[in-house]
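Next come two complexes, and both contain chain A; in the first it sits with chain B, in the second with chain C.
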Partner chain A sequence: MKRANGWRNYLYIAPAVLFVFCFCILSIIFTLFISFTDWTGLGRFKFVGFSNYVAVFQDKNFLLSCINTLVWVAAGLIIPVVFPLLFAIAITKSSFSTLFKNIFYFPNAVSGVIVGLIMTSLLSMYGLPQLLGMLGFENLDKNWLNIPYVNTGVMIGASVWQGIGMNMLLFIIGLVNMPTEPIEAAKMEGASGIGLYTKIILPLLKPTIIVVVLMSLVNSFKTFDSIWIMTGGGPYRTSETLAVTMYKETFSNNHLGMGSAIAVMLSVIILFISIFYLRKTFTREGSH
Partner chain B sequence: MMQTKHAGVGKWTVNIILIILAVIWIFPFLYVIVNAVKSSAEYSTGNFWDLPKSFSISENWQYLTQQVQLGSGFINSILYGALGGGLGIIMAALAAYAIETLKIKHGLLWFFIIYSGTIFPFQVYLIPIFKAYNKVGLYDTRVGMILIYAALIIPFSVFVLRNFLMGVSKEMLESARIDGASDFYIFRKIYMPMARAPLAAVFLFQFTWIWSDLLFGMTLTKSESARPVMAAVSLLGGATIQKVPPILLAAIIVSIPTIILFVLSHRNLEKGFIVTTK
Partner chain C sequence: MKKIVSISCIVAVLMLLASCGSGDASSSEVEFYTDKGGENVGIMNSMSDKIKDDGGVGFKTVGYTEVTAYETTVQQSLDSDKAPGLFTWWSGDKLKKLVDNDLVVDLTKEWKDYYEKEGVNPSLADAFTIDGKVYAAPFSVLYNGILYNKHIFDKYNLEVPETWDDFIKVCDTLKANKIDPIGLKNDPWASFLWFQTLIASYDPDLYVGLTNGDIKYTDPEMKKVMKIWQKMIKKGYFGEPVDPASQIKMFSSDKSAMVYEPTVTSATLKKDYNMEPGKDFDVFVPPSMTANAKKVIFFEASPIVVSKESKQSGDAKKVLQSFYKKDVQQIFVDEAGIINTDNTKSDDPVNGSFVKEAADANKYQLLVRYYEATPSEVVTVATDELWKFFYNPTDAMLDDTLNTIQKAADGAFK
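Presenting the complex of A and B:
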């Protein structure tokens, strides 16, 4: 009876596999193929080998886009990991932990586009710069999003404001669900304050720290919405990241080959990071 | 005695620091609420922290509706979130059921094939789907948008639902089998009701994602009839922001659904994250 049902069981999985195959897997193969051509979207493909990939490291604009991406990633490694950890430790010690938890998480309920719109008005002309100018910091009274290189820093700040709550929540979960015996034992032996954290609590929190670091890394590489809204990559392409450059090359300049090459590079980097993440997620699978 | 007093002082230092940070954290929202009701003239001549003297919501709304079709974007996004989200989660639930309960051959391999969809950045799907949609006539259609959103949410939904099924005892299923229930009957009448909580969590999470999406919305549509709400709002232009109060008003309006979902689900948020990070 079980055998007669065999083929029917695959009907359950067929729609999901079909959708993922058509939309995701075929797309990846096609993008990889296009990245070795100079396709403009119309007409024939001409193979150009690796020249799209080489161009990324030779053209000044692409190089700046790479550097900006690395700045986002470096900042994404430090700020969204260290700050949420400090927030989480403070919140677990505070008297109003639920309230604070919700306040710091709240910006996550708003999309990247909306954060972009709010921050654009808050950070340019009549917003925060004007306020600081009136408080006596006249050299700060400028449209921060129009100043090359400064704008990248400002946008990172805005994305930290939005995203910190998610990581904080993960750390709180890690701290609350921590085994209490080693901590009690360490306290008995006189450990307290910073020593307790560096020697006992942080090592116990390591699995959560790894997940948060990898997620932050991946998100930094993919940041698109807020940059697209706040500066559009400008002025003069100075705040572009690879995700923004990819979009512009493809849909503004019709360099589909170039856009594909950038997408493939992003994928390879993210795939590489994800391998660590997946290994952590699926090590339990082996025991099944 | 000294010890407890010291601990009390430390606790209040922590509380005060957190209160200051919390004020900074909600400041942008206060800014939005105070300034969304001002007239544009009042905004650009006054100080932005002044309380509004005029109440110009209707003018701001009028300006907004001249600039973009917020209403149709709103309806489209609800449609995409509900139908795309619903369709994707049904397919994901079926797949998770087949892998975990029907124990199909090479279940883990099938799982990884589906899960691979979460690993790549969305940029890698953009060009092929844009081109394919143009070829088959799905570009700038509602059906096209529902299909792509359904496809994109399948991998993560399968991951969460399979995790849930792994933790469920199979005894009830076995006794239903012995009673002669078919697999599909068990799926509908036993598993789906049992999985209501994770299904709801996944749906809220994915609805929020679809609602917030900009990339596919602005790439795969060009007309108001299919354009989702974030793509519509993005046309107001952040980088070249002209009239701030109407744009802030728009920001409030299009955030209402995700904020409602947040309020509805924040108690379950932590439970949901425990599942995804374990």
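Presenting the complex of A and C:
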């Protein structure tokens, strides 16, 4: 009877396992395999060993996209973590918390592609630059998304804010569900203001902070849609991140081998950082 | 009972999974995939209806608007019998790759028996010929010319330039009057448009040699052409590259005087910007830099190919046999401005006249544009490098651009 139950339990999870195996595991194995070939999407695979990985590091575009990715990650850790935390603290103390929650969460309901399209129109020669030009700032009457290297900053400003709402909600949940006893005790001991937050509230909020930081980190590494919509990685590939370079090499240039090599490296980087970050954080927490 | 329900659920999931890849093999209509989706889908469906009304085999259009997604989807399906019977592709190197992998049907005989009889220009077959066999039929043939804003030209008493010096004078006058002489679009691939035009205006043979690997990008003559381009950029003849919609908007709102585009853009200017062809704008061919030399018109021939492995390949050939019939193609001319055969009539004085005039071999030399005429490995590098040069047109960058493209060409033509 017990054995029959065990068999049936496996059947329950079989569809999920099948889905994960077909659409995730097989894809990972296939990507890993073609990263060692020179496949162009047509014809037979030719095994080329590690030459795609070597070629990637010799490619100036790849190195530039690594730098751009690091810029996105740095910005993605500051804007979508610090600002939501400040907003969450302010909103939990506000009388209109529900209204503010909705206002800040609303951009999250819009897809990244739509935000990219709106921002592209807003920043086009018929948008904000023209308005500033009419106000006398003629130097700013330019297609900002076309200025190499500057456009990365413009795109970060134009798209990173979208993640603020979700992270802010997580922080609010963390703040609301926080045990009140230690805070009350600290207040009775005379703690207040910034000291109360840095010494009591933020340490108590640490599990939420860990999740938000990790999510923002992974999202920053994966940034693709807004860049693809706003600049396509251009001009002359100066605004590409690793995800855009991966897509462009794979699907635009038909270098599926090289694109897969970049995909493998990007996955390994994210996996390594995630494991390292989680292990380091929880080990420190355990040792306390 | 619970066991029966569980097993039924699993079977249902497996059947659902299996059905995902089954395709629509039973459909009587040939699937016609195209990257030229959007409003073309409706127009093509009307063409299919017309073919069916005439008793032929119809087709079902599956339109994509994202080129990369389209290319990937088609490539992945081509080695199975579920491949679409017909699909649009790119001529030149990309078509050759399909031929090299034995994925498309030889249409040489069909050209003689059907397409040419319906008025398709026989010389277009050259753009689709690989190793002596023709592997495609034209979906659209787009001829590039310089569209100019007549209001601006009239305002500054400018004439259509007949010589290169005239052209430069026109640009100088416009620049002096704070009008962008030439509007540009910032599409990643679009950097080659003026590159190809300047080479062909300088010497068409230089262009032909460059695209087939006989002449190097580092050739001194190429450097001379790049110097001309450099001078034009530095003098501010080109406006700031903007997205394609803004490029046309700037042209229609008198901010830029000329755009180098396929003449089929005339239909968009009329429909979306209320510009009357012939009255508000017109077109001319870029002048040659050599006196009495033939002017060059670049064309882009987008091919339709028949998938070899597809279950529908027999019917697909039948669709193409009807596709060029006069009444079917007239729909394409009226609705999209695309002129493929010489027995249709266009009431667009800009597009229609230009296509007719382009056929005059005594006046013009037709050349396949750079994107299709050059191996894709070279185009990929060149389009990025040419933008790099455009944004930073120094002497050092000029040399670096030509050297980098030549490196890619060395690999492609070895």
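Keep in mind that, in the parts below, the second predicted complex is superposed on the first by the 259 of 288 C-alpha atoms of A that agree within 3 Å, B and C clash if a C-alpha of one lies under 4 Å from a C-alpha of the other, contacts with A are read in each partner's own complex, and residues count from 1 in each chain.
We take it that contacts are C-beta pairs under 8 Å (C-beta built on N, C-alpha and C of every residue); 3 or more make two chains touch, one makes a residue touch a chain.
Quick caveat, the model's predicted, so the values are computed rather than measured.
K.L.:
Quick check for you: in the superposed arrangement, does A:Gly41 touch first (chain B), second (chain C), both or neither?
P.N.:
After superposing on A, A:Gly41 lies in contact with both chain B and chain C.
K.L.:
Please work out whether A:Pro15 is in contact with chain B alone, chain C alone, both, or neither, and reply first, second, both or neither.
P.N.:
A:Pro15: touches chain B and chain C.
K.L.:
Looking at the overlay, does A:Gly234 come into contact with chain B only (first), chain C only (second), both, or neither?
P.N.:
both
K.L.:
Scan A:Met134 for contacts with chain B and chain C and give back first, second, both or neither.
P.N.:
It touches chain B, and chain C stays clear.
K.L.:
Once the two complexes are aligned on chain A, which partner has more residues of chain A within touching range, chain B or chain C?
P.N.:
Result: the larger residue contact count on chain A belongs to B.
K.L.:
Which partner does A:Asn167 contact after superposing on A: first (chain B), second (chain C), both, neither?
P.N.:
neither
K.L.:
Under the stated touch criterion, which partner chain does A:Ser124 make contact with: chain B (first), chain C (second), both, or neither?
P.N.:
Touch partners of A:Ser124: chain B and chain C.
K.L.:
According to the stated criteria, A:Ser216 is in contact with first (chain B), second (chain C), both, or neither; which is it?
P.N.:
neither
K.L.:
Between chain B (first) and chain C (second), which, if any, makes contact with A:Asn102: first, second, both or neither?
P.N.:
First partner only, chain B.
K.L.:
Touching A:Ser159 in the superposition: chain B (first), chain C (second), both, neither?
P.N.:
Once the two structures are laid over each other on A, A:Ser159 reaches no partner at all.
K.L.:
Both chain B and chain C contact which residues of chain A?
P.N.:
8, 12, 15, 22, 41, 120, 124, 126, 232, 234, 247, 251
K.L.:
Which chain A residues qualify as touching chain C in the complex?
P.N.:
8, 11-12, 14-15, 18, 22, 40-43, 61, 120, 124-126, 142-143, 146, 148, 232-237, 247, 251-254
K.L.:
Once bound in the complex, which stretches of chain B touch chain A?
P.N.:
10-11, 14-15, 17-18, 21-22, 25-26, 28-29, 31-32, 35, 43-44, 47-49, 88, 91-92, 94-95, 97-99, 102, 104, 108, 110, 113-114, 116-117, 119-131, 147-148, 150-152, 154-155, 158, 183, 187, 208, 211-212, 214-215, 219, 230, 233-234, 236, 238-239, 241, 244, 247-248, 250-251, 254-255, 258-259, 261-262, 266, 269-270, 273-274, 277
K.L.:
Would you mind writing out the residues of chain C in touch with chain A in their complex?
P.N.:
2-3, 6-7, 9-10, 13-14, 17, 68-69, 71-72, 75-76, 78, 97-98, 100-101, 103, 186, 188, 240-243, 246, 249-250, 376, 380, 384-385, 387-388, 391
K.L.:
Give the list of chain A residues in touch with chain B in this complex.
P.N.:
5, 8-10, 12-13, 15-17, 19-28, 30-31, 34, 41, 87, 90-91, 93-96, 99-100, 102-114, 116-122, 124, 126-127, 130-131, 134, 145, 161, 169-170, 172-173, 177, 208, 211, 221-222, 224-225, 228-232, 234, 243, 246-247, 250-251, 256, 259-260, 262-264, 266-267, 270-271, 274, 278, 285
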